[in-house]
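Handing you this structure, nothing more for now.
Going in written order, the chains are labelled A, B, C, D and E, and every chain counts its residues from 1.
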Amino acid sequence: MPDTAWWLDLLWTVVKGVLVALALLTTFAYMTLIERRLLARMQIRWGPNRVGPMGLLQPLADAIKSIFKEDLRITKADQLVYTLAPLIAITCALTAFGGIPAGPAGSFFGLNPWVYSLDVGVIGLLAITSMGVYGIFLGGWASGSKYPLLGGLRSAAQIISYELGMGLSILGLLMLVGSASFQSIIGWQATNGWLIVFQVFAFATFLVSSFAEVNRTPFDLPEAEQELVAGYLTEYSAIKWALFQMAEYVNMITASALMATLFFGGYKGPVFLDGLIPGISNWPFIWLILKIAFFLFLFIWVRATLPRLRYDQLMRFGWKLIFPLSLANTVITGFYLTYFRGAGLWPLGILGLIGLVLLIVMSDRARRLWNTPTHRPDAERPAASRPVGGD
Amino acid sequence: MAEVPTAYYIALSGILFALGMIGVLTRRTAVMVFLSVELMLNAANLSLVAFARAWGDLVGQTAVFIVMTLAAAEVAIGLAIIVAIFRKRETTNVDDLASLKG
Amino acid sequence: MLPILITLLGAIAATLLGFFLPRRAITVISMVTLVLSGVSMVTLWNGGLTSFNGSLQADNVALSIGLIILLGSLMTLLVSFDTAARAKLAFPEFDALLLYAVTGTLLIAFSGDLVTMLIGLEVMSLSGYVIATLQNSRRAEEAGMKYFLLGAVGSATLIYGIALVYGATGTFSYVGIRDATAGLQVENISLLVVGALLLLCGFGFKVALAPFHQWTPDLYSGAPTVVGLFLSTVVKVAAFAGMLRVFGGAMQNVPAWASVMQILIIATIVIGNLGALFQTNFKRLMAYSAVAHTGFLALALLANPATGGPALTYYLLVYTLMTAGAFAVLAALQRTEEGFSLDDMRGLFYRHPAYAVALAVCLASLAGLPPFAGFMGKYLAFQAAFQAGYVGLTLIAAMGSVAALIYYLRPAMLMFMHDRTPAREYPGERTPTTAAVVLGVVGVTVLGVLPNLAYGLVANPAIWTVLAGR
Amino acid sequence: MIHFFIFLPVLASLLIFLVPVRWREEFAGAAAGLTLAGGLWSWSVGGLSYYSVPWIPALGVTYSVQMDGVSLLLGIVTAFMTLIAIIYAGKRIPNPGTMLSLILMMETGLLGIYAARDLVLFYVFFEDALIPALLMLAIYGKANRMAALVKFAAYTLFGSLLMLISIIGLKYYGGSPTFALVDLQAHPVTGTLQTWLFLGFLAAMAVKLPLFPMHAWLPDFHAQNHDSGVADVMGTLYKVGAYGLFRFAVVLFPDAMLELRPILMGLAAFTALYAAWIAFSQTDWKRLLAYAGLSHMGFVGLGIFSMNETAMIGALFLLAFQNIYTGALFLAAGMLQERVGSLSTKVGGIMTQAGALSGMTMTLWFASIGVPGLVGFVGEFSILLGAYQVSPWLAFIAGLTTIAAAAYGLTAFQTTYWQVRPAGAVLAHDLRDLDWLILGAPIAVSIFFGVYSGPALALVQPVVRTWMAGLGGGL
Amino acid sequence: MLLIAGGIGVLAVVVSILLGPKKPSFSKLMPYESGNDPEGTGRERFPVHFYLVAMLFIVFDIETAFFYPLAVAYQKVGAFAFWEMITFLILVLVGYFYILKKGVLEWN
C-alpha cells in the first residue's frame, strides 16, 4: 500500500469495520432468535413464531423494545461507570472480531478481508477479549447493589480463571506453527492439515475454556437466577442490558471464529474439495461462516444439554483441571517437538487422542478433583493466622 | 505511514512519568498513589520500547517484558497490603497511618 | 550462579516443605542452605566466572558482598528461630520469603547488567514488602504499607532511570555502559545524566538516602524486630551492592551524579544523626542510625572504587554484624514488638549483664569507637572519601559521627546505671538468638582488632577495576 | 615484652570475670603490680626498642610501638597510679570487679597511647581509653552523670574525629606509604596545609589537654564521678593531650606550631591562670582538684607550645608527676568523703581527728602548688624557665598562677582541715592499714623525684634533645 | 486502525443510547434486593477469595505471557527452549502447589 493513500486506506478500514460490526450485530440478533427456536425444538416446544414469518422479525421487535424502553438510572449507581461498563463490554467484543481473517489476502474485492492484522493476532485477540471482563466487573460494581456486585465479581473471577486455560491451551499450537499471526496459522494448516488433528487435547481444553469465557452454560453462573438474580445484569435495563447481551453473543461468535481459525483451518475449506470445484477451498467468508455456524450450534446444543455447575465446582474445574491439563499439553508438545521432531507430526495427534481418551476413561477420578465438596470444618483449619498471599 | 520520531515517545513518557510523580506526591489514598506508581512504570516501559526501536535492539523489549512482570508482581503484593490495611482500618489514606511517629 | 541457585532451591524447599515439617525444621533447612551457598561462594573465590553472557558475574566483589548478605541472613534466621513465635511470625513462609529475598539480593550482587540487577532488586523488595507485613498487626501493616508505597515509587524511578540510560547507551550491560560512557556523544549526554540521576534517586529510596528515607524509621521500628534486622542489614547491603555496581562500575564516568550524591549524603548524615538524637524508642533510634550509616556508607561509594570499594565492603560487613547484633539483643529481650524505650534500658546491665555488654559493644561499634570494627569501617569510608578529594564532606561526616556518638552513648550508658525496678525483659529460652548476638559481638571485636582479616581479602585494587565486568 | 607490658592489663581486665569474686581484688592488684614491674624492668634495661608490623597493609596502617624515655616515664607513672587506684578501689568499692576491670582496661589504653608510633594506632588507643572512662562514669557516677557523659563524649569525639581526618590528610598529602611516625616524618606536609592539618590535630589534643575553650567537660567529669576518686585518678591519667602534641605535633607540624606559638602559648598561659582563678572559688574538692589539674595542664601546654627544650622537658616531667600527686589528691578527697560523707571544702577540723590524712594531703598539696623540694616544683620551674626565653611576658603571667595556686590550695586546705570542726559532726577516723600505702607511696615518689629528679629527667632529656635536634637544633 | 473498529462500536452504542427515551425517572430506582429495602451500601467488602483469584490470575497470566514468545520461537531455539520452559514451569508449579496446599483454590 503506497504511503500517499493512507487516508484511502483508513477509509476502507472504517468501512470494513462498520461492515463487520453490522454483520455481527445482525448475527447477534438472529442468533437470539435461532437459539430460542432451537432450544424450543430440543425441548419439544415452539419458541417465538409470532412476529413475522417463523418469528423472523422477532429480533427487530426486541431491538425496538430495548431502544424505546426507559433507561433506568439507579440512584446508588456510579453513573459514569454504570454507563461506561456496557460500552466497554460491547467495544471489546466487537473489536476482537475484526482481527480474524475471513479469506485470503486481497480476496474481498481486492481488499483484505479483515479489519486489522497484527503479527501477534492470537495474542492480540485474546488480550482484547479479556478486556471485556472490565465491562462485566465494572457493571457489577457500578450498580451499587449487592447482587450485581457479587455477580460481577464471580463472573470476573470465572473469566480470568478460564483465561489461563485458554491462553495456555494454544501454546502447543503456537509451538507447532511458530507464529502467532492468523495468516501463518491458517497457512500452516493448509499445508500440514488442521491443527485439531495434532492438538486435539488442546482443542478440548480450549473449547471448555471458551464456554466459560463467554459465560455460557454450563458455566453461566454469573447470571444464575437462583443464586444471584441476574448477576451483574440485575440493575441493568433497556439498551444497556441489551448491550451486555449483545457483547455476550458477539463474544460467542468471536470464540467460534477463533476455534474455527485456530483448529479447523480458518477460512480455508477442505482441500480435497478443490478437486470438484477448483479454488473452492479459497473462497472467502463461506467457509468461515460455515464453521462459525457449526460452533454456534454447538453452543446452543450444549446449553440445551448440560446442567449448570456449582460455583465452587466451576472454579475448581478451571484451576485444578483445565489449567494443569493445558500446561501438561504444552510440555508434552514441547518435549515432542524437541526430541522427536524427525518422526513427523502424526504421533502428536495420537498422543493427544490417547490423552483425551484417558481423561474420559478416568473421568470419575478426574471429577473428584473438582467435584468433591471440600467443606472442611473450621476447627480443622490450621489456625487462621497463616496468611495466604498477604491476607 | 510516517515514522514517529523517538523524541516524541520520550517526551510522552516523560510527561507520563511526571504525572505519575505528581500523583504520588499529591494523592493521599494508597490506591491512588499506587496507580500513579503504575503510571510511572508504564512511562518507563514506553520509553524502553521507543529506545529499543531507535537502537534496533530487542533487549529493550525484553526489558519491557520484565518490567511488566515486576509491575504485576507489585500489583499483587501492593493490593494485598492495601486490602489487609483497609480491612483493619476502613481507610487507605496515607495520612491516617500515623501510629508510628517520631 | 551456583550460590544463587542453592538459595533459590532452599527457598522453594521452604515453600513446599512448610506444609509437612514444623517451622523450626524449615528454619534449620534454610540455614543449612545459606551455609551451603556460602561454601559454594568460597569455592568460587578468585574464579571470576560469568554466565549468561556476563549477566551474572561471580567476581570477588560479588562473592564478598554475597557472603556478607548470607551472614546477615543467617543471623536473621538465627534470631527468628526462637523469637519468631513471640513476634507472631512463625510461618514457614517467613523463611521461604526470606530466602527469596536473599536470592534477589544475591542476584543484585552478582549482576552484570541493569536488567538482572533490576530483577534481583525487585525480587528482594517484593519479598521484603511481604515480610514486613507478615505479622498480623496494625504496626507491621502500616510499616509495610509505607515501605511498599515508597519502595514502589523508588522502583519506578529506578526503572525509568534504567530506561533512559538504555536510551543513551543502547545497552544494559555494565561493561557496555562503561564503554559507551567513556566516549560520550553530546546529544546523548543529557539523557544519560538524567538517567543516572533517576537511578540515583531510585537507589536512594532503596538504601534510604536522605530525602528518600522517610519510610525507614517507620519500617524498622514498626516491623517486627527480626524483620527490622533483616531489612536494615541484608536489604541495605544488597542495595549498596547494586549502587556499587552501577555507580562504581558502569557509570563511573558519567558526570553530575557525584555532585548530587554529595548533597544527598550531607542531607542523610545531617537528618539521620539529628533525627536519632531525639528518639526515645530504641528501635526508632536504630532506624535513624541506619539512615545515618547510609550516609557514611554512601561516602565510601562516592570515592574512587579502588579505595572506596574495599572500604564499602568492609563497612557493610561490619555494619551487618553490629546492626544485626544490636537488633538480636533487642529481639532476645523485648517483651513486645515495640522494642524498648530508652528508659526501659536503664540498669539492663544489672539484669542481663552479658546482653548488656554485648549491646554496648554493638553500640560502641556503631558509634565508631575503637577497638571495635565500626571504627575501622568509618575510618575506611572517611579515608576513601578523603582521598577522592571530598574533604569538606568528610568533615561534615565527622561532625555527624559526633552526634552519632551521643545518641548511641545514651542508651549504652543507661544500661550501666543502677536501677531498682524489676526486670521488664522477656525471660524465656533464646539460645539461637544469643548465638547471633555472639556472632555479631565477636565479629565486631575481632574485625576491629584485626581488620585485615576481612579487609585484606578485598583490598586488592585489581578486583575493583573490573567492577563493571570484563 | 613491650606487648606484654601494653596488653597485660586488658587481658587481666577480661580474665577478672573468670576469677571468683573474693579473689578479684588480689588478681587485679597482681596484674597491675606485674605491669608496673614490667615497666620498671624496662627502665632498668633502658627502654623497649621499636617494633613494627603491618596491621592493615593495604592502608599502610602499622602496629608500631616503642617505649623510649618519655613513654616509659609516663607509662611507669600510669602503671604506678593504676596499682594505687586498684588498691584503693578494692578497699573502697563493694564488689569492685567491674571497676577493677575498667581500670585495667584503661591502663592498656593509656600504655598504648604512650607506646604507639603509628598515628592510626595512636588514635585507636586514644579512643580505646575513652570507653572505660565513659563506663566508669556511667556505672559509678552521680545523679547528673548523663549530662557530664554527653558533654565529655561530645567534646572528645569532636576533637578526635577532626584529628582522624587530619591523620588521613597527613598521610595522603604527604604521600607517606604508612601511618608510622617515621614514615610520616620522612614525608612531611608543608605550608598552609600543614597548618590546617595541625589545627585538626590540635582540636583533639586541646580537648584532652584541655586548653581553654575546650575545657568545659572537665569539671563536670570529675564532679560527677564516683566519690571514691578512683575514677578520677584514671581520668587524670587520661589527660594525654600534651603528650600527643609532644610526640606527634612537634615533629609533624613544626612550622605550624612555630607559627601559632604565640597564640597557643597565650592560650595555655591563660588557661593556667583562668583555671586557678576558678579553682579559687570552688567549694567542692573534686571540682577544685579538677580546676587545679586544669591549671597544671595549662602549664604543661605552655611548656610544650614554647618549643623550647627546657620548657618541654619540664612539661613532660610535670605531666608525668602531676598525675601522681593530683591523682593521690583525688584519692585523698575520696578518703575525706568516706569519713565525713561530703566533699565540701568547708567541713572543717579534720586535722584534729585524722592527723595523718591531713598531713599527707597537705604534703600532696605542697607538691601540687610547686613547693620546692617536691616534684611539682621541678616541672613548673623548668617550664617557666624555658618559656621565659621565648616569651617573658607569658612566662610572667603563668608565673602568677603559682601564687594563685598557693592561694586556692591553702585556702581550701585551711577551711577543710584547720577550721574549727562544727559541733556534732561525724567523727572522722584516721588512716588505716592500706590507706597509708595509698597516700604514702605517691608522697614518697613525689619527694624522691622532687629532691632527686635526675633519673626521671635522664629519661626525658635525651628524647627531647633528639626531637629538637630533628627540628634543626631547637629554638 | 484497531481503535477505529472499536470506535465504530462505541459510536453505534452512543447513538442508540441517545435515541432511547428518557422518561422522568421514578424515585424507586433503588437497588434491587428481592423486594426488600436495601441495607447498607452496595459496595461492601467482598470475600478476600476474589482478591486471591485476581492475584493468582495476574501471576499465572504473566506466566502465560512469558510463554507466548517462547512458543513462537520454540522450534528455532531448540532443546534449550525446552529446558528453559521446564525450569520456568517448575518455578511456577512451586507456586501452584503452594496455593493448592494453602487451599486458595477451594471454594466453600
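Observations, loosely collected:
We take it that a residue touches a chain if its C-beta (ideal position, glycine included) is under 8 Å from a C-beta of that chain, and two chains touch if they have at least 3 such contacts.
Small disclaimer: the values here were computed from a predicted structure and weren't measured.
Looking at the partners of chain D and chain E together, the chains they share are C.
Centroid distances built from C-alpha atoms place A farthest away from chain D. When chain pairs are compared by contacting C-beta pairs, A-E ranks highest.
A comparison of C-alpha centroids places C closest to the centre of the full protein. Taking the mean of the C-alpha atoms as each chain's centre, chain A and chain C sit 51 Å apart. The mean-CA centres of chain B and chain C are about 26 angstrom from one another, to the nearest whole unit.
Separating the centre of chain C from that of chain E, both taken as means of CA atoms, is a distance of 38 Å.
Residues of chain A in contact with at least two other chains: 386, 389-391. Shared interface positions of chain B, i.e. residues touching 2 or more other chains, are given as 73, 76-77, 80-81, 83-84. In the complex of the two chains, the chain E residues touching chain B come out as 45, 48, 51, 54-55, 58-59, 61-62, 65-66, 69.
By the touch rule above, chain E contacts chain A in their complex via residues 1-2, 4-10, 12-14, 16-17, 19-23, 25, 29-34, 38, 41-44, 46, 48, 50-57, 60-61, 64, 67-68, 71-76, 78-79, 81-82, 85-86, 89, 96, 99-100, 102-108. By the touch criterion stated above, chain C contacts chain D in their complex at residues 310, 349, 360, 364, 369-371, 375-376, 379-380, 382-383, 386-387, 391, 394-395, 398-399, 401-402, 405-406, 409-410, 412-414, 416-417, 451-452, 455-456, 459-460. Considering their complex, residues 10, 13, 17, 20, 24, 30, 33-34, 37, 40-41, 43-45, 47-48, 50-52, 54-55, 57, 59-60, 62-63, 66-67, 70, 73-74, 77-78, 80-82, 84-85, 88-89, 94, 97, 99-100, 102 of chain B touch chain C. Chain E meets chain C in the complex at residues 91, 94, 97-98, 101.
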